[in-house]
Every structure is written in structure tokens, then in C-alpha cells.
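Both complexes shown next keep subunit A, but they swap its partner, so subunit B is in the first and subunit C is in the second.
Let's look at the complex of A and B:
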């Protein structure tokens, strides 16, 4: 009997032809991404276009839903939600990135970068290190994103460093050591939650705030602080990251498609964001903003160098700081191409 | 075309309009032609809107409105300072932009983002075109107001009176519509204080105007993040007042409140409840609001279809 069954099975197999090799199941992934940029802004539109490319280039295997404007909570909350699997990706600012890994603080050193060219050169040089550090903590970097360059907006004009020291300046709450450094250097820092800035400006609790021109326009803070000192305090850097768990569920081809799309968004922002800042300044000037450059740039640079020394090894890991410094200085020393 | 204060039904209006268009375009005698043009302008700026607002076929209006808008623009070439026609043209463009390309963008957003973006760009340009007609009318009423709105928005409108409320409202509605679709344009975003000043002034002059239309517009403005001057509590007050002043006969306030404050707050149950209430509004109850309600209900149905995307915590992600 058993022989008959075996024979029947054999005949069945022969008639049916050889069994196909086990097909790899098609992996469909829905990615939920939180961002802190306003819905409809240049960054939000870029992320949604990226989502459209993901769907197109993976034949619908990867879809993206964007939750903009901090709908999913503060950056720390969003990072926690990603770790829990409630979100699969986020476009974080340097605050959120530094919460995952302090190495990202290398982009927050005041007056360290003179231009986007320097910033992008250092990003390119440090990206493998930083991406490795992120991956060790469970995240994969999809693309970098420029968010503008911080300038100082103040209630009273600022022509010199002492002018700024005479005004009460916003400092991010929770960075006690930084606040102490400010004080030790003659500033009057007022640590606050970011959301409390409008009220603090209105009541005189603070008189100066570092912010990008686009943000000053969006938030209308330039009405209360109508003097912009063009000192190029620091770039505001962000990046889109995905959980490693989600990333590993993708096929290699789909990962490649996502990376390529992330790179396109990165390049788009590199062109569009400086232009947005420039336009924002022009529009604010039409509405009463006064723009000036400091008369004592050497004093500001010396202050930047001093803060850089303080941040090396405290806020920024020494190895990354030194690498960034070497890369920046190498670019500065390189002969400039003829225009 | 969708909402005009005091719009009444006039069954002979389409025929009168056709006759006036024929005379205005064909006549060679200047005085006759001028009279016809002015008559047409008065008619379109007055009761003309009601033939659109009361229609029960939104697709017919989609096709018919552009001709009407271009007729208005042609008349404005002849009568560039006809204030009522400037206002009607502004309102017409704003309503068309809202009802068609902007609403279509919302509906196709999740299936075709690039198409939605193209539709929003078109809507933004139409809103902006409408805004410019309103600003021309406002400039005639308050010379220098356009520049004044840049630097001192609230003070710029001191000279406006109660009869200016429709103009203040439509300037704000068209401008606000353009800004809401142009948040990547610093030149548009910068004018947000002007929109608030226009609506605040209109509210101070005639709070109950047009079944609470000013309150309905302020829902969106106060739904902005608090750091941008918004306030969820104020938005709720405006929503409740808009519903009270319209006696619940308008679907728009329910949809706007659901899609702004309630969506951002992550309250799925309230979101669905509000949209259901929008869909319960009887289209026959107020014929003058028929088209506006149809468009609002179209938005409500689309929003309900995508409720799972907007409230992620309620539907587990399909992740590994």
C-alpha cells in the first residue's frame, strides 16, 4: 500500500513537472515618517515627493506616509516611537540626531563652518563614521537635509559682540553646561523651551534668539525682534533616518531605490534652502526687518574658537571633532578653482 | 459663486445675462455698449452668483465657472474701477480655486501626489489672482492700504466700515487660500499677519456676517501652531460660533475643524464624528448654500476614506 502511494506521488510529481524553487515572498513595507517641518513647506513637499518615488521605484512595495509639523510629538518622543516600532522613519533635526548619537553635535559648533561648501565637505567626509554610529544604535540614514543657517534676531541692534552680550539671549533648556559657558563669557543666557520663545520675546524675558531666516519669517518672530545680525552662527542640519529593522526587511534593490531618492532630496534641498533663506530675508526687509553685519568679525571668530575648544570632548567626541577640523582646514587650504 | 451675501434665486437671470453679454460684445454704439457693460457688470456682481450657488450639479459649475470668470475679467478691462465687480471676481476665483483644484488635490493626494501638487499649484495661482482683484477694490476704498498691510496690518484697516466686511472677508479668504497652498513661498508666508488683520477687522465690524463665515475662516487661522500665533481653544470657539450662526446648516465648519485642530490633536473619534455631522447636513435645507455644502461633503467623504493614514496609532503598521 505504501508503495502504491509512493508511486502515485511520484507519478503526480512527474505529471506536474518539477517543483519550482521556493520563491522569495514579496516584501511590502509601509513606512510611517514623522517630521518637524510645517505641512506644505519646501521640506514637507520634498519628503512627499520622495515617498512618491519610493512607491514608483519599488513597484509599490514601499509606501510612505508623512506626519509633518511635530504631530507625533517632540523629537525625543519620535525617536522613542521609532524604537518601539510605532514609526519606521523620521526627519530629525540635529537635536533629535544628537539624542541618538552625540557625534552629530559636530554640526552645532558656533562659527565652525564659513559656508555650505565647508559644511557639505565635512558631511561627506564624516558621513561613513556617523552613519556607522547610527546603525550601531538601530537606525539607517537615508539622506541629509539642510534646514538653513542660524542668524541672530534681536530686539535692539547688534553691531558688536558686546552689543549682543547686553541682551538676554535664548538658550535651549537642558544644556546646562552650555548655559554656564555662555555666562562665563559674559552673555546673559535664558534657558527656555523652544515653544516658550514667542511669549518670552513679547514680555522681554529674552531679547535675542538664534534662528534661521525662514523660521523667523514662518514664526513671525522678526516683528518682535526686528534686527538681524548676519553672523552665520551655525548651519541647521537635519537627516532622514529609518529603523534598521524596517531597512533590513527591504530587498537590496529596494534599499538602493530608497537611497537614490533620499540623495535626490538631499541635493534638491542643498539648492533650494539657501535660496529660501535669501528670499525670507528680502521679504522681511520689505516688512521692516533691519539687517546688519558685525563690525568686529574677529571677536566673533575668537569666541567661536573658544566655544569649539570647550565643546571638543564634551558635547562632541574628540575623534569626530578633530576629523571635522582637519577636513575643514584642508578645504580652506586647498587652492581655489578659477571662476 | 458659492456663497454671496444676500444672493437670491432669479430664474430669468441666465437669460438676462446672455442678452447683456450679446449687447456688450456686439454693439458698436459706445453709449449703448457702455450701458450694457455696466448692466452686465452690475448683474454679475449682484445676483449673478446665485445661479451658481444654488446649482445641484457641481460638475456643471466646474465647467461653467471659467467662462463666467473670464467674462468678469473682460468686463473689468472696460470698468477697471467697478468695485462690486472687482469683489465678485475676487470671490469667484477664490471659490473656484477652493471648490475644484484645491478639493481635487485633497482627493487624489494619497493615490497621486504629483497630480495633487500640480492641482495645488493651480489653485494657489487662482487664489492669488482673486486676491489681486480684492486688493484693487480695497485700494480704491482705502488708498495706500496695500503697502500699509505689509508694515502695519492692523492699523492699515482702521478706515474700513461695516459695509466693507464682504471685501475684507474675500481679501482674507483668497489671500489665506494662496498662503495655505504656498507655504514654500516666503513671499506668501510673510503676508499671514495681513490675513489675520483682515479677518479680525471684519469680525469686529460684523461678527455674524454671512452665517458666521468670518468665524469659519478663523478656524483655519487659529489651527496654526501656537508658535505661529494659533490657538486650538480659540479655533474651537470660532467653530462653535460658526455652527451656531449657521444653525448647523453648513458642512464647511465641521470639515475645517476636523481637518485642522482635531486631526492635529490625533482625536480619531472626534474627527469621524465631525465628518459624519458634515455629511448629515441636508442639501435641500438652504438652497443658497447647496453647492458649498456639496463641496464640503465631498471633502468629508475623502477625509473619511483616509482616516487610517492620518491616525497611525489606531491601525498597526504593516512592518515586519
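Let's look at the complex of A and C:
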């Protein structure tokens, strides 16, 4: 019994006893940032350069550690880790951003934007609003980042809308309303997990999948789906966000430095990403990809308008949708006014 | 009262398991007929897997069936043993309490975020199973001790867990080794493995100033990953078959077909063990479940005792490369490679390993000039006919999968439903009223003890990623290892050690993220890497002095550890030949895949 008591005392001491504490080091902020872009890609290099700028411009008070390639988990996991304080920042795509605030779905309406010019115009107009919504949820936006433009890659050629409707198309599992809309409009959606796509393409369970050219090249899906229809389904928008808690621990000057650096990265990506998508298409064409544009653009645009109606007020908050629409149409009208 | 709680838990676990079986089947039907999906089908099946796993873990904790090292059973009865048990229970309670609080933090932020799984079901409702299960495990770790004094002492672990959670900032910067040493000691003295892995992850995170809530985030993400439902589903299929008289029917088929060969009984043992492991998952399970049946059969046929023990100990891990063995599924989930490819890749290596063991059995029989029964066509035909339903199962699964009718998870659901229907209504080995709930709950328990390990091991992986260990390891290896052959040789040695020290599931979760970038650097095919990884681990289980299967066999066959190790040595060398072939001849693994691609 005495032996057991001594043992228990030892256990208690080891488990709950006082632990050696180190002296408090000089107050520094270490930012752990998760991204989903491959290591060594232009986004990854940009983020690392941003980290060097942070260190330089804050005299080493802010250090950035980048975890590329989804090492820290999928977008939902990374958002949860930020909320719990295990991560301080992340470069999210629309998937993660919409998990924080559904307002970001305004960038997912198909055929809504005709060009990067329109997209960037709408982003500039809506940014204060969206950043405010993010901040209300505990996040601060440091910079926007283009991730490319979704195109349709398919097993069989697509030259008209009915061609696409004849092919079984991938739909993200878990977005059931979207699946029902596809179905109601004559498509054959196949809701699947992202990871099931390669196998599903190989066995014919799906025949068409929307993806950016760079990703199609990187993941080598153009082997199984060698027809690309250049219809510009929707942009893939991203943004780098930081938790408000970490942000508030910074001095005003340091925040300015971070924002300025984020803005430089944003500008760099705006020229580099479209260029990269173009190069990816050329590279895949050399390796056997067939690229075509649809012969019935009006039909696609009408479909886009129909989806926009469905998504307004269900996926996208009405106020944001209407602002985006007004801004886009204003820009479309603008060139006529100019000399 | 307590049996009431048990009923409720078992009922929930069984219901979740049935959801995981039925929803994918409904999905297949609805998709074929109307081209749409069932609302939320995928997400709900994934959430059901989380529930099966963690309710199962709580049930396993209640029955003292959480995976643990066998080392504690070597302690003599008496005060030393009860002290060890108390210490182990206190450690388990500490870790489980800490994880319960950390899981609750996850639930709280999910609730605030207001996310929805589908059709209005809130994500946090379903996440609640995590804190509840960890709390039950903490309480049960304490309650399982019988002496009131020991219970009181172990209950201090609950307080310690809470202290670690609420006092987290005070621990930042504390050295890692005292905590890790304590946890390792507890594991050696019989604490469940989840306490070692989860405790290590929590302690390391705390030392780095990162909240231990990072662990349940990973646990949840892994538990609801899209391909993980294949684990409970294939396990259920295996269980339904094992609970009925399917193993007898299959044994009869093998005896009739292969018993006439020289070393026939040894060959049959190798085959049965392979299949049993493939369907029940853990290699240790095979030794425990079949050892008692097969050892007397071998001895009766005149095999030497040491040969028989060695053969069975080695056979216990043969099936881990054979689809649908759980280690293959876990590897596919962790390394993000298609399960189908891994299944196809593992086929020839599994046959190779089984053939090597069988050949060793034939050699023994020829050397000892043993008698053998004649081959009888009528018996073989009758045996095959009787087992037709069981034999059709793999065919059904493969056709459904490869034709594009089903995804991997859906074919697992098909297998589970098929096995249940055959056992309940065709063979009537199981009664729907008497056995169904029991089989489902038993399956949940086994799945739970595995998923608990996976869930905390992935937390440890999260720590390694956070500390940027994979990137550093890659840099170091790039600088120091120049050729692919040298890398593979190093990998052989490293995995042998890992296989000695860790069970297959936590080894996969923790080690695979470390070696995948390395292998990519040396241009090793990802499927080849998966198969050589598991084959090497298999070998580690048999490596003296600490291979896990040696411990299990020593217990099961009631032989001293050393004599089991000696008896297994020839088999170890035979299997090592196979592992080296698999490692250095990639075509053994990738041949079938290349063949499929060329079609």
C-alpha cells in the first residue's frame, strides 16, 4: 500500500505538478499560414516572398511559416483550425471563403463574368462590403488572389450546349440544391467526392468536369478528358485571410506593412495567373488536348442567366448579387461612353 | 441502469452502421434510375462512419478492448501489476479528458459557425459524438479498475487532463521528453495505444504553444473523409461472414482443393489466414481467432511444433496486402491514392507472399515424408457449390467497382449488404432478431478501436506537419541519399523498425505523410510505395525482439516469447525474400495496373 501511495504521488506530480517555465521571450507574432496550392507554384513562391517582406518590413516582429499543398488539411479543416487558434492565416479559395461567409458565392455564378477585367471591377466594388462581412466573423482579408478560370474538360467533344447535356458531369458532393438545378435544366450531374474524380473519369461514371487549365495539367486529367471547351464557366477566386485575434496583436504600422505586401502579391497574381493558364493550355495542346469554343454562345449565356436567377437569394445574398450585377453591367456599358 | 446505457450505445452504433450500408445502396439505385443523388447521401454516410467509430470506441473502452501493447501481461500478479494498471488507467483518463475538452472546443466553434451537413442537419449536432465518446472513455478507464483506492487514484487523471487543458499557456516551451517518456512507460504498462499517440500529440502541441484542439480537428476531418466509410463497411462484411459458418465452408473448399498437395495442411493454413486477415483487418486478430483452430490441425498432421507455431505466427500477417484489407484502405485515405489502384496493385504481391509461405510448408512436408490425402473431384465440387455465395462476393465487388457502377464506398456497402443478406436469409447462420444487433455492435467495437487509433495518430501527424518535419526530412534525405536504390534500402530498414514498434494503422497515419514526398523525389510509383510500405511493416511484426505478432502468438500458443521468435525465424527469412522482391521489382505491383491502363 505504501508503495502504491508513493507511486500515486509520483504520478500526480508528473501529471499535474508544476512544470519548468521559460522566461517570456520578446513579443513576436508567428503566423502559420496554410495554402492549397502546390509547393513551388507561382502562388507558393508569391506567399513565401510575402513572408520575407513581412519579416523585413516589421523588423522581424512578424514571421510567416507557409504550409503549402493542403498539408494542413482541406479548406473546412483549415478554417476550423484558424477559429481554434491553431493556425493564424490561410490562402483560401472560394470553397473556404464561402464557409466563412456565403457572400463570397457571388463569384461562383456561372457565366456571370466575361473577363478578368469584369471580375476585378466587381471585386474592387464589393471588397469593402465583403471584408466587413469577414471581419464580423473574425477574419481580416490581406489580399485577393486569382486562382484561374474554370473550363469544361470532357471525354467527348462539346460544341453545343446539348453536347454537354449528353455527358455525365461531375458535381461536388454535398451541394444538393445545385445538383437538383443541374438536373432540372437537362444535365446529368453525378455528385461525387473530389478524390473520386480520376477513377470516375477512368470508368466512365463521369465524362465532363469543370477545372482550371493549370490544375488539369498538374493533375493530368486531360489524358482522360482530352476535350476542353473554352466557355469560361466561372473564375476561381481566392484570398489570403488572417484571424482577427492575430491581426489585433499587431501594431498599426505592422498592419500597414502586411497589407502593402499583400497588395503587391495581389497585383503580381493578376498578371501571372492568366498567363499561366494560357501556357498550360498550350502545353496540353502539344500533348494532345483539343480546344474548341462552342458554336451557340447565346444558349450558354441564357443558361447562365437562368442559373443566376436560381442562385440569387439562395446561394448568394440578394444585396451582394444585385450590387455585383449593377457594377458588371455598368462596366459593360462604360466603354461606349468613353471616346 | 448501466446495461440500459449500453443498449442505447449499441443501438446508436448499430443504427449508424445500417445508415452507412443503406444510403450508398439507395444512392446507386437512384443514380442509375433517375440520374440524381440522394440529398446529403455522401456527407451522411461519412458522418455515420464518425458515429460508428467513436461510439464503437466508447463500447470497446467499456469492455477493455481498446488496442494496447501486450507487454503488461508479462507483469506478475500482485501489487506491481495493480500499480501498473492504476498508472495506465490514470494516463488513459488524462489523455481522454484532455481530448474530450479539446473536442468540445471544436464543437463550440462549429456551432458558432452554423455549418450544415445537409437538409438542415447542423454539423455540430453530429460532432457531439467526439466529446461524448472521449468523456466515456475517460470515465471507463477509471471505472474498469476494481479496487476503490485504485479508482480514486486513477480519477486523478481526469483532474490532470482538465489541468492540462485549462493551464495550457503555462506549458508552452516545456521540454518534450519527460511527457513522452511518461506516456511510453504507461503504454508499456498496458495503457491503450490511443493514450500514447494522443498524449504525445497533445504534449508536443502544448510545448509549441499550439492548442491541443488541433487534434480533434484532424480526428474529425479524417473520420468524415469520403473514402473512410469503406472501413466499417468491409469490416461488417467480414464480420457477417466470420460470425456465420462461412469460415468452415471456405476451409472445406481449400482442404478439398489444396489438401492433396504436399504440405497440404500448411498450404491451407496460409490461404485461410490470408483471406481471414483480408476480411477482418488486423493481422493480430488472425492469430488470436484462428490460431487455436489451426495449430492442433497442423500438429495432428504430424508437423513439428516449432514449424507449426512459426508458420501460423507468420501467416497472421499475410493478408494485409489482399483486398479489401483495412490497411490498404487506410493507406489510400492517408496517401490520397485511389483505393481501386491499391487493391489491384496489392493482388500479385499478396499472392507472392502467400505462395512463398505455402512453398515453405511443402518443403517441410516433403522433407519429413508426410502422408497426404488423395484429391477427390466430388468433394471439391460439393465444397465449391456449398461455398458459392461466399465465393461470389469478391467477384460481385470487383465487377461493380471496375465497371463504373459504384464508387469504392458504394461497393463496400454492396459487400456488407450482400454478406448480411446471405448470412441472414440464405444460409440462415444468423438470426435477424437474435444476432443482427450483436453482430453490428461487435463490428462497431472493432471499427471503433481502430478509428480511435487513427483519429489520435492523425493528430500526431498534424504536429509533425506543424513542426515542418516532412520538409526537413526531405531536405536532409535529398542532401544525404543520392540514389533510388540507396533510398529504398534505407526505407526497408526504417520500416522494419517502425513495424516492430507501431501497429499498422498508426504507422500508416504517422509515417506515410513523411515518406510520400521523399518517394516522389526518387520517382517511386505511389502505388508501389504503398504496397512496399505495408509489406515491410508486415515483416516488422515478426522481427525479434519486439514484433507485435510475436507477442500475440506467444500469448495465444502459450509458448515463451523467445521460442516463438526462434520458431518464426525461418519464416521471417522467407518473407524477407518476398519483401525484397516487392521492393526492388516494381513490376510485381505495377504490372496489373499497367495491364489495365493498356486496355
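Worth pointing out:
Here is the rule we use: the second predicted complex is superposed on the first by the 308 of 339 C-alpha atoms of A that agree within 3 Å, B and C clash if a C-alpha of one lies under 4 Å from a C-alpha of the other, contacts with A are read in each partner's own complex, and residues count from 1 in each chain.
By our rule, a residue touches a chain if its C-beta (ideal position, glycine included) is under 8 Å from a C-beta of that chain, and two chains touch if they have at least 3 such contacts.
These numbers come from a predicted model, not from an experiment.
When the two complexes are overlaid on their common chain A, residue A:32 makes contact with subunit B and with subunit C alike. Using the contact criterion defined above for the overlaid structures, shared-chain residue A:246 touches subunit B, although it does not reach subunit C. Of the two partner chains placed around the shared chain by superposition, subunit B and subunit C are both touched by A:86. Contacts of A:287 after superposition on the shared chain: subunit B is touched, whereas subunit C is not.
By the document's definition of touching, both partners, subunit B and subunit C, reach A:65.
With both structures placed on the common chain, the touch criterion links A:204 to subunit C but leaves subunit B unconnected. Of the two partner chains placed by the overlay, only subunit B lies in contact with A:279; subunit C stays clear of it.
Of the two partner chains placed by superposition, only subunit B is touched by A:218; subunit C is not. In the overlay built on the shared chain, the residue A:191 is in contact with subunit C alone; subunit B does not reach it.
In the superposition on chain A, subunit A positions 32, 65, 67, 71-72, 85-86, 194-195, 198 are in contact with subunit B in one complex as well as with subunit C in the other.
The part of subunit B that touches subunit A in the complex is made up of residues 113-114, 117, 150-151, 180-184, 186-187, 189-190, 192-193, 225-229, 264, 266, 309, 312-313, 317-320. The part of subunit C that touches subunit A in the complex is made up of residues 31, 35-37, 39-43, 79, 82-83, 86-87, 90-91, 94, 105-106, 109-110, 112-113, 115, 118-119, 149-150, 153, 156-157, 159-160, 163, 170-175, 178, 182, 205, 210-211, 213-214, 217-218, 220-221, 226-227, 336, 338, 340, 402-405, 407-408, 462, 465-466, 468, 470, 513. Against subunit C, the residues of subunit A that register as touching in their complex are 3-4, 7-8, 11-12, 14-16, 19-22, 32, 65, 67, 71-74, 76-77, 79-81, 83-86, 99-100, 137, 173-174, 176, 179-180, 183, 188-196, 198-200, 203-205. The residues of subunit A lying in touch with subunit B in their complex are 27-32, 38-42, 44-45, 48-49, 51-52, 65, 67, 69-72, 85-88, 194-195, 197-198, 214, 217-220, 223, 245-246, 248-249, 276, 279-280, 282-284, 286-288.
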